[in-house]
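Presented sequentially are two complexes of subunit A, the first with subunit B as partner and the second with subunit C.
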Partner chain A sequence: MAEELIQVDLKGKEGAIRVRSKVSLWLKRGIPLLILAILALLPVFQIVEGTLNYWIHMLMYVFLYVIMSSSWNIIGGFAGYVSLGHNVFFALGAYFAGMLFLATRISPFISAPVAGLLAMGFGLLFGLIALRTRGSTFIISTIALVLLMAELFDNWKLTGGTNGLALPLIDLPGQFAKIPYYYYLLVVMVLCVVASYFIKHSKFGLALRAISQDETKAEVAGIPTRKYKILAFGLSGLFIGVAGAVWGSYLTYLRPSIFLTVSLGTSIVLNTILGGKGTIAGPVVGTAIMIAVNEFVVAKLGATELNIVVTGLILIFVLLFFPEGIVGSLKARNKLPSFLDWD
Partner chain B sequence: MIQVIQILILGIALGGVYALMSSGMTLIFGVMRIVNLAHSAFIVLAAYLAFFVFKTFNIDPIVSMAFTMPVMFLVGVIYYRLLFASRADNPRFADITVLVTFATALVIEGILAFIFTGIYRSTTPTYAKTSINFGPFFIPQSQLYALIISIVLIVGLWMFMRYTRIGNAIRATMQNRNAAQVVGVNVTWISTLSFGIGLAMAGAAGSLLSFVFTFYPAKHIAWIGMIMCLVVLGGMGSLVGALVSSFLLATAAAYVNFYFGAAWSPITFYLSLFLILLFRPQGLFGKKVEG
Partner chain C sequence: MGTLVVENVVAGYGSGPNILKGLSLTVESGKAYCIIGPNGAGKSTLIKVIAGLLKPREGKIFFKGEDITPLRADQVLQRGLCYVPSDRSLFPDMTVKENLRMGGFVMRDTRKVDERIDELFAQFPILKEKSSQMAKTLSGGQQQLAAIARAMVLKPEMIMLDEPSLGLSPKVVQQIFGTITTLRDQGLTILLVEQNARKGLQIADMGVVLDLGTNSFEAPACDVLNDPRIQELYLGKRHQAVAAEECK
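Right after this comes the complex of A and B.
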């Protein structure tokens, strides 16, 4: 009798655990998918109601920065090589697609993947030079790259100098004009995050993480560190180049002062580190929070000068006290909600 | 020919200020392995200090160096103590410090922009607008003064490092932090002091720049690019390297400026950085170090 009771009790507990784990699995997969579904359906409301222009714009901003941060994560998070110059890929993609459009009328929507490949090729080339160095010298060389590119594009006649290039508006009524860009960026973002998941869990990703732990040991263990680092740097430019092509056409003007600033390159890093570098969900979480904070500061204080101060202070605080970022710190304390555990 | 020599004169005159700007950064890197990306922001801050003192009390920026240098020294000591001193043993120290100092630069830029707005400023003592002629050549008086003071300060720093006990301790810490600690050097104290001295040099540079160039809060980005190129070219941590590369690049940029146009002279700096990374990553006078 007593044994039976215990057994029933045990069964009940096991069952409860099984049910709970099933529920948590559903939550883990379901919440991100639900959010994705809402994001995919949002433009429908825009078409019907036409009142969501602001939200669509803000979300596109988030998508763009998630693409940049997630890509940066491949070299900066997995391999531990901090680059402050990833917006160069963004500029290259935008200028390539924009100039191609002005010359041949090929839509940036079609040329965007080519722009991505071009950015990747440039990343491989630059990596060949800059990845001979490590640590601080590498970081310096990436900042110098941004400054060099900004000077070049400011003075190059072909790219329109400081005035930049003007692209025509998309041929759609204002209510729908954002929607093609919205979907394009959404798809690229999903691809980018999924790709970063597969890279992290591949042998290549494992090697990158070994490099970030101890490069010398990784090399001794037979990992071709130089080849992998260069490849990771190139790969991290791919999606940013695609996003640049789309974003340039969305903005309809290309200017070095928008694409080639040191602060843009830094905000990519900030978003990733705030979310948690080296994690899959980190760049997404960090970007969403940072953009929300920026919007809040701008709305409340208005002054862009204070916006920089807040950005800087958050960055200092996170770096010194939570270098693992939000996702990383929560995970280390076992408090990460399952729907944010994408690794 | 006259023109070629004239450009050389102007290049060398600027080289002195550049050397002063990069000396503090290379000292800070040498002792603490901190790439102080806020260095130029501190220079701009000091320039604004000099500007403020000049506007309100009408004190000459060269005289007010007696005020800006100690203030910046204190700022350096507090900044290092507050943010870095307890983290010197962290394996990720290099990455963290680069980003933290850059964030600091943003904070300084934002605060300066908030207080002084983005208007281009400069201090205008009487010598700012006149030149000294000798034969067919000329040198702006302001640049001559800046050159002389820079050289005096750098030679002073060099002698301090060479001939005093504390200077020797700083150099020992540069060569090998752990070994220096073993033989009894208080490396935390030395690091704090070095950071202070580095920023005092930034303070001096800011005072001098305030009448040589115009400046605005976001100017530090252009300057940090330049200083980084000088420091990497000379070899990170090498005072002599910073001095040599400053004069080298300043004259090179002056010639590029003359023959190709003003827009291309910053590119001289960045291209030389990539060339040196390609052929001699440790810089002209640097030793091979990790990080």
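Right after this comes the complex of A and C.
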């Protein structure tokens, strides 16, 4: 009798645990999917109501930066090679698609994937040279790349020099004009984050993580470190190039001072570090927080540049208490809410 | 003809002096060798040269009849000759399982690697228990076990261990040496470098004494252990009686 009772009790307990794990699994997948569904449906409200243009613009801004941070994470987070020049891919994508449009009227929506491949090819080439170096030398070489490209685009007639290039507006009423760009960036962002998940969990990703910890050991274990680093650097340019093509067309003007600044390249890195480099959710969380805070301060205090002070302070304080970024440190302490654990 | 033949190897670091000065050594298949010698005799250098981490200035190394002198470290690995460095060389921020996966990185078939890891988990249950913990959270002895298991993923024919007892408590050293003995009994050829000469020689079949870059003495481990010169030099006289007793 007693035994039976115990067994029933045990079954009950096991059942409860099973139910709990089912619920947590549902939350883990459900909340991100719910957010995604809301993001996907938002333009419908814009079409009906027509009052969401500001929100759509802000979200596109977030999508863009998530694409850049998440891509940067492949080489900077997984492999540990900090590049401050990833905005060069952004510029290349934008200029390629823009110039192609002006010359042939091929829509950037069509040429964007090609722009991505071009950016990736450029990344492979640059990686071939720059990834002979490590540590601070590598970082400086990526800053040099940005400065070099800025100089080139500032003075090149073909790209319009400092005046840049003007692109025509999309042929849609203002109420709907942002929507195609919005969906394009949303899809690219999802692809980018999913790709970074699969890269992290592949043998290639394992190798990149080994490289970030100890390159000599990694080499002894049989990893072709140089090949993998170059490949990672190239891959990290792919989605940024695509996003560049779309964003350039959205802005309707391309100028080196928009795309080729060291501060843009740095903010990609800072957003990722704030969220947690090397994690999948980190770039998304970091970017969303940074942009939200920045926008909030600008909206409340106006264009006083106090936003830079505030975001700087946030970065300092977060990294004091979350040295591995928000997602990374919470995970290390086992306090990460399951819906943010995308690893 | 031994499994591993080292022929007149001369080696040193950078532009520094020769550490190994024409060393020759033959390792027979299925036996355990223990290399002893004073600091600076070139014990670790010898292992690094064999593992392909340091190119010899002169001389050749053959493994199973093949000249492996020009090969890279990962190519030597693929030939079935594994190396466990003295710093254990685990990736601290990877889980135990990921570390073992790294051991099988040169294998193309990842499913085979996973099968092999399961076999090793059966052999070393403590590693299975810790499989999802970061390597840096393991104790020294567990890390050493993990490092040995990692080398075993490739099913090597020969394994080289550089100071497996370094920094471990006597009890743990006993366990590690027990593991090494088991591996020897499974037919693995073992080349062991040990500061703890007495312990090393006790589990070895053959003892090799290095002195200033040359092979000064090579004999069955028991004879080395009982050789009065060796006892005086490395073991200390008071161990004499004990050593003779322990050696069958």
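Everything below uses one rule, namely that the second predicted complex is superposed on the first by the 330 of 343 C-alpha atoms of A that agree within 3 Å, B and C clash if a C-alpha of one lies under 4 Å from a C-alpha of the other, contacts with A are read in each partner's own complex, and residues count from 1 in each chain.
Assume a contact is a pair of C-beta atoms (placed from the backbone, for glycine too) under 8 Å apart; a residue touches a chain by one contact, two chains touch by 3 or more.
Nothing here was measured: the structure is a model prediction, and the numbers come from that model.
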Item to complete: Once the structures are superposed on A, label A:Val246 by its partner contacts, choosing first (subunit B), second (subunit C), both or neither.
Response: neither
Worksheet item: Where does A:Ile223 make contact in the superposed view: on subunit B (first), on subunit C (second), on both, or on neither?
Response: second
Fill in: Of subunit C and subunit B, partner touching more subunit A residues
B
Item to complete: Please indicate which partner A:Ala207 is in contact with in the superposed arrangement: first for subunit B, second for subunit C, both, or neither.
Response: second
Worksheet item: In the superposed arrangement, which partner chain does A:Ala97 touch: subunit B (first), subunit C (second), both, or neither?
Response: neither
Worksheet item: Overlap of the subunit B and subunit C footprints on subunit A, residue-wise?
Response: none
Item to complete: Quick one: which bits of subunit A touch subunit C in the complex? Just the residue numbers, please.
Response: 203, 206-207, 209-210, 213-214, 217-223
Worksheet entry | Residue numbers on subunit C that touch subunit A, as the complex places them | 53, 73-74, 77-78, 83, 89, 91-94, 98, 101-103, 105-106, 110
Worksheet item: Hey, which residues of subunit B end up touching subunit A in the complex?
Response: 29, 33, 35, 37, 83, 87, 92, 94-100, 102-107, 109-111, 113-114, 217, 221-222, 224-225, 228-229, 232, 236, 263-264, 266-267, 270-271, 273-274, 277-278, 281, 290-291
Worksheet entry | Residue numbers on subunit A that touch subunit B, as the complex places them | 80, 82, 84, 129-130, 132-137, 139-141, 143-145, 147-148, 151-152, 154-155, 262-263, 266, 269-270, 273, 303, 305-309, 311-313, 315-316, 319-320, 323
